[in-house]
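Below you will find the structure I want to go over with you.
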Amino acid sequence: AKPLVIGFSQVGAESEWRTANTVSIKDAAKKEGITLKFADAQQKQENQVKAIRSFIAQRVDVIAFSPVVESGWDTVLREAKRANIPVILTDRAVNVSDPSLYVSFLGSDFVEEGRRAGRWLVERQKKTPDAVLNIVELQGTVGSAPALDRKKGFEEVIAGNPKLKVIRSQTGDFTRAKGKEVMEAFLKAEGKKINVLYAHNDDMAIGAIQAIEEAGLKPGKDILVISIDGVKGAFEAMIAGKLNVTVECNPLLGPQLMQLAKDVVAKKPVPKRVVTQEGVFPAEVAAKEFPNRKY
Amino acid sequence: MFVQHPLFRPLAALAILLLIDFVMIPGFFHLEIKDGHLYGSLIDIANRAAPLILAAIGMTLVIATRGIDISVGATVAISGTVAAMLVGGTMVMNNGTPEYVANTPMWIALAVAMGAALLCGAWNGALVAGLGLQPIVATLILMVAGRGLAQLFTDGQIITVYYQPFFFLGSGYLFGLPFSLYIVAAVFIVTALLLRKTALGLFIQSVGINPVAARLAGLKTAVLIFFVYVFCSACAGVAGLMITSNIKSADANNAGLLLELDAILAVTLGGTSLAGGKFSLAGSVIGALIIQTLTYTIYSLGLPPEVNMVVKSIVVFVICVSQSAEFKNMWRRAFPARGGKA
Amino acid sequence: MTTNLSAPVLELRGISKAFTGVQALNGVSLNLYPGEVHTLMGQNGAGKSTLIKVLTGVYTPDSGEIVLAGRSIQPQSTLDAQNLGISTVYQEVNLCPNLSVAENIFIGRYPRKLGRIDWAGMARQASELLERMQIRIDVTLPLAHYPLAIQQMVAISRSLLVSAKVLILDEPTSSLDEKEVDLLFSVLRGLREQGMAILFVTHFLDQTYAISDRITVMRNGEREGEYLVGDLSRVDLVNKMVGAVATGEAPATAVETPSEGTGQSRFQSFLRAVGLGRKGALQPMDLEIRQGELLGLAGLLGSGRTEAARLLFGADKADTGTITIEGKACNFASPRDAIGAGIGFCSEDRKHEGAILDLSVRENLILALQARMGIMRAIPLKRQQQLAEEYVKALGIKTASIETPIGSLSGGNQQKVLLARWLVTDPKLLILDEPTRGIDVRAKQEIMDYVAALCKKGMSILFISSELPEVLRVSDRIVVMRDRKQGGEYPRGALDETSVLHVIAAGDTHVS
Amino acid sequence: MSHPAPSITSSPYFTSLITVFLLVVLLGAGGAAYPGFLSLQVMFNLLIDNAFLLVIAVGMSFVILSGGIDLSVGSVLALTTMICAYMLQTWHWNPVLVIVVSLAIGTVFGAAQGALIHYFKLQPFIVTLAGMFLARGLCYLISINSITIDDPFFVAMSQTQLPIGDCFISPGALIAVALLAVAIYVAHCTPFGRAIYAVGGNEQSALMMGLRVARTKVLIYAFSGFCAALAGVLFSFYMLSGYGLHAQGTELDAIAAVVIGGTLLSGGYGYVAGALTGVLVLGSIQTLIAFDGTLSSWWTKIVIGGLLFIFCVVQRVMTMRGNKK
């Protein structure tokens, strides 16, 4: 039979996480003998829309994409539906008036990641029940979905605990350089008052850890460091005792996506929401887990 | 007179910003000795501004010839990733103590990285001076493709460096001050001397103001323009090494992102016109310091990140307007008594 | 002739204007009557252009009053002045090089058809207008295609289009040759008949006496006096401009004899061009320039003189022909090569091809020398200053200091700086394309003497000028150009003004 | 000047024609390489997907022709989507009123920049750069979340497909093309349009010739602001959402489109119609890459750069050749 053709529109290559995600999808497609039409959107929604339109024009069997942003997909997805091409979302959800516009959503739940980070901290706080923990937060890119959701989830959990207080929150644009720069400013402004750092991704945490060290403090001890994603660098930092915990956000969606696509084309029923398996990795397990990390 | 000096206004803007910091942020000017070097907000600003200053110095010369180079950020990414990949280094666990080994001797890595940056400059220079493409499209090509190249080298990964001596460039200290400041000072002094002691400054200005007349007067306009783009990329290359060394890793996608815009902004804040011609190297340095101080101030004030851009834009508007000659006239008209006495 | 009985249409009372370091105008008054041509004369930097700019709203005067038809006015912009009925042609051509010739004439007052611009009609009207000046060109091409002289005519045509009460022309004739000047004057006379008041600036005494009814002389930013033409002899006029006591002899009539015609043989060939040509610009021509010789290039507007000069200098690339200098074949790919071979070229278009406006007099002056010495061997500042001071003095350049930007010098003084730029390089061959454009009578004489003296010392000069008498007076030999090709070569004294005109008009007539 | 002036002056249409020719070559190559590439719908998609860019590029053309630059357009676009979304979703205003108000806001924003540029003699680059930060920043002040628009009128505009044969085109694309037509008329047949060229050719001379330079410049930036806002409205139709991160870097795309279309960045030379060619060139490059579908993220960037390079170099070389003749 003709090989299955999937059109996949990726957000871009803005982080290691994303690159791992891309690699996983490409590898899985190759393994399954599926033809993958890959389009990179360079972080722009309008480029994704263009790519999806061109997939429709090319009459692919399945369209999959990681939306840059939640809103604004109604029109183009309607076009896909009219062309009878099923759509699968990966990594991020969309916000559409008619849920039948896509068949399934495969990916992580950013809010839940934020909550997990929060829960770890709440647990941790129980060790020192009397102390107030001052938190500084390094947000992702202003307005981006992971930044909004990870902030929301985290806040939701710590809201119940009066001893946990976010004293500073600023964007570090998901990058090491900005994370370091902002943390430096925090350290000068708040000094020793800072007890906890919550970073929306590992890269910012790694940058901030350097700033903490340069300030003569011990990351992981003087300041607890919590981050999200679980990339290799984070594990190295944990092994060195500089990072306390990272909440995994699994980029290896390839195999699951290919399976879903095959099922959809075979007209098998598929779940509307497939949550990826993700863990929380505190420093204690880092050394053991490190060899298993693929990205 | 001192007030009429072209650097007076940029300096005044910087002073006012620092004054605001002094009032609003307790301990802003506090400096202490930590681990044998100076530590404090001012040091952070200077340290963080270093790559921007370098980029602005290079950009100043390009702008003086009526050009523009929007590929600075891409060049930063290229030189940074090349250096990081070559130095690389591995962390070897030796009886529980980590040890660091470089892949390639560091000086070779640095030389190759700078070579890559110079190639970028030569590419831009050839397109602008040789083919006569408009500078903005000519450099747009590298801006788009350069970052892609850097990512191609790294396979989209962030390259972490595990080689201690490499970190000295961006986060080391010499005589209590960040080492990067010495690099900036050296580049600045060399450039200033080059402009002062040779006819380079005169030639660049001539080409910027009236290229036709400059050619008729016997200048090698094309060679000059080519050189200026190479120089700009070289500055960007050093900035890239500095950034990479500072965060101990090279992030091809984000390193130096939008640095070109900040560099151009620094040049204009320093009083150099984008129309080419007269320029001020010192002004550009001050412009870069203004930008970095502003960024740092925003972080330190504890403002929510949503307002960052609004604050930044308003400060830029205010500085520009207050620097304009028309504003001075209006001021004089509004307060004639003071103007009369002065 | 003017009737002093009628009231002045325009009155300037006690106008003063200072720039940093210069009092450009000091209490200047002027009356302009309807139906007169009023000539403003004065040395370079006397304040003529500044006065005109104050009058037309480009500058605001520090003090003084402008009265137009009995009403005090304060024009804030050129547009204001235009609306008040003052139409102006400024000294430097102020047109848009990217727009077509027709548009440059009509912009701001387009002929309309159904609300939109009537392009065809505009082109037709523009052609007609220029044809009145006997200029037949494609008016739909961008202005930048045409040489400076044409641009100047376009600027004049533009000013004639407005139905104004007052017409101001600041050195409109500086790069026109006699034919164009005559045409312009006949137009001006027509306008005078219609009662228009015309303020005219020129450095040519002949033109002044040919057209003016009245002369105002300015000196050092002040009004020296106002005279009826008949009351002022040439000698007096020059003395009043210069401010010297009458010596009884007008400088313009002083005839210099550079080198005797008999001395021809002592010239050795310096440069020889064979079949030098460029498609669409110059038909292949031969030219020989000898050492220590002043070779004049005569011809009408558009005859190809500038193009020939540019080819010799490598500013444009020649399609055909060879150049040999002192027996060695040369191939100039750029002006730099030519400079290396000892050639200098002072362009006719000082605004676009000469002055680097924001740079100082000193920097402009040493630019070519520095370019020749190369980038690494910077001329020490002391030496630069010394050179600048020397030439400012030698050529009588009027400037506040040598650090003043050249852009704030008067037109004539800019021209002198550019001339000095080449003189400091001490070239073996200096090509001067309209070098005395906009330079006052006295200074012109001095400059040409200076140049002639250099010639005596062995420098060759290729001299291009629209002023035929000047070419005839100073040249050792004259090459006449016609229709972009060589039209004949004549030794000194073989031609006089009428015979040159004859050659230019009729072709290769042999004159004994 | 009697010597050959800058190439583009000697044959004004030439570069534009070359650009069109190269565009056709580009499309032809795509058609040969990828089946289905040359279908009518793909061509229409070029217009549909780039309508907003075309609108911005038209405004940008005016600015660049006058010798200026406007970096704020991308942000103003985003701000407009945000304002539209907010007014529709929170205040439930009438959609037509919403559109009118947001267009007015964009126009005023542009005019204010123009006034700063002209009256304070500031550099367009820096003023509009600050304007870019400001507009983006204002988006976040309205909301850092994206806002979905479900107003029926907007939804209808978004989903209407005007059939042409068995293909379709969107209302947004038609609006963009109409704007282009109006802009071409304005640029070439009205005194305002010619004043833009004059200011771009030589501002000082334009002033000396008695043109209303102040008015012209403020109007140019106001028009660019209007175009950015209109592009924002089209973008709202297109995306049905308001978002502060929309259309990042669009200003560069627009500048590139205008310059590729044959307009000189130094002002005074070029055609507004070039904006369309430029936009189509950029769009075709992207479509080519999407049809190829094998490029990784970084190869995408490299290939875009490479195609841009080839395009610009061929354009330049052919222009030089053509002018030698």
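Note that the chains take the letters A, B, C and D in the order they are written out, and that residue 1 is the start of every chain.
Following the convention adopted for this analysis, a contact is a pair of C-beta atoms (placed from the backbone, for glycine too) under 8 Å apart; a residue touches a chain by one contact, two chains touch by 3 or more.
Worth saying up front: this structure is predicted, and the values here are computed from it rather than measured.
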Labels of chains that are neighbours to subunit C and to subunit D: B
Inter-chain centre distance, subunit A versus subunit B - centres from mean C-alpha coordinates, in Å: 32
Inter-chain centre distance, subunit B versus subunit C - centres from mean C-alpha coordinates, in Å: 46
Inter-chain centre distance, subunit B versus subunit D - centres from mean C-alpha coordinates, in Å: 30
Centroid distance [mean C-alpha coordinates] between subunit C and subunit A, Å: 72
Interface hub residues of subunit A, defined as touching at least two other chains: 12-13, 19, 22, 142
Residues of subunit C engaged with two or more neighbouring chains: 315, 352-353
Overlap residues in subunit B, where contacts from two or more other chains coincide: 151, 156, 305-306, 308
Chain pairs that touch, as defined at the top of this document: A-B, A-D, B-C, B-D, C-D
Parts of subunit D lying in touch with subunit C, wherever the complex brings them together: 1-6, 9-10, 12, 185, 188-191, 194-195, 197-198, 200-202, 204-212, 268-269
Touch list for subunit B against partner subunit D, complex: 66, 70, 127, 131-138, 140-152, 156, 261, 264-265, 268-269, 273-275, 305-314, 316-317, 320-321, 324-327
For the subunit B and subunit A complex, residues of the former touching the latter: 25, 27-28, 34-35, 39-41, 44, 48, 91, 98, 151, 155-158, 160, 171, 243, 246-249, 251, 253-255, 257, 295-296, 299-300, 302, 304-306, 308
Parts of subunit D lying in touch with subunit B, wherever the complex brings them together: 116, 119-123, 125-127, 129-134, 136-138, 140-141, 144, 252, 255-256, 259-260, 264-266, 296-302, 304-306, 308-309, 312-313, 316-317, 320
Touching residues (chain side subunit D, partner subunit A) in the complex: 36, 39, 41-42, 45, 48-49, 52, 139-140, 144-148, 150, 155, 158-159, 235, 238-241, 243-249, 283, 286-287, 289-291, 293-298, 300-301
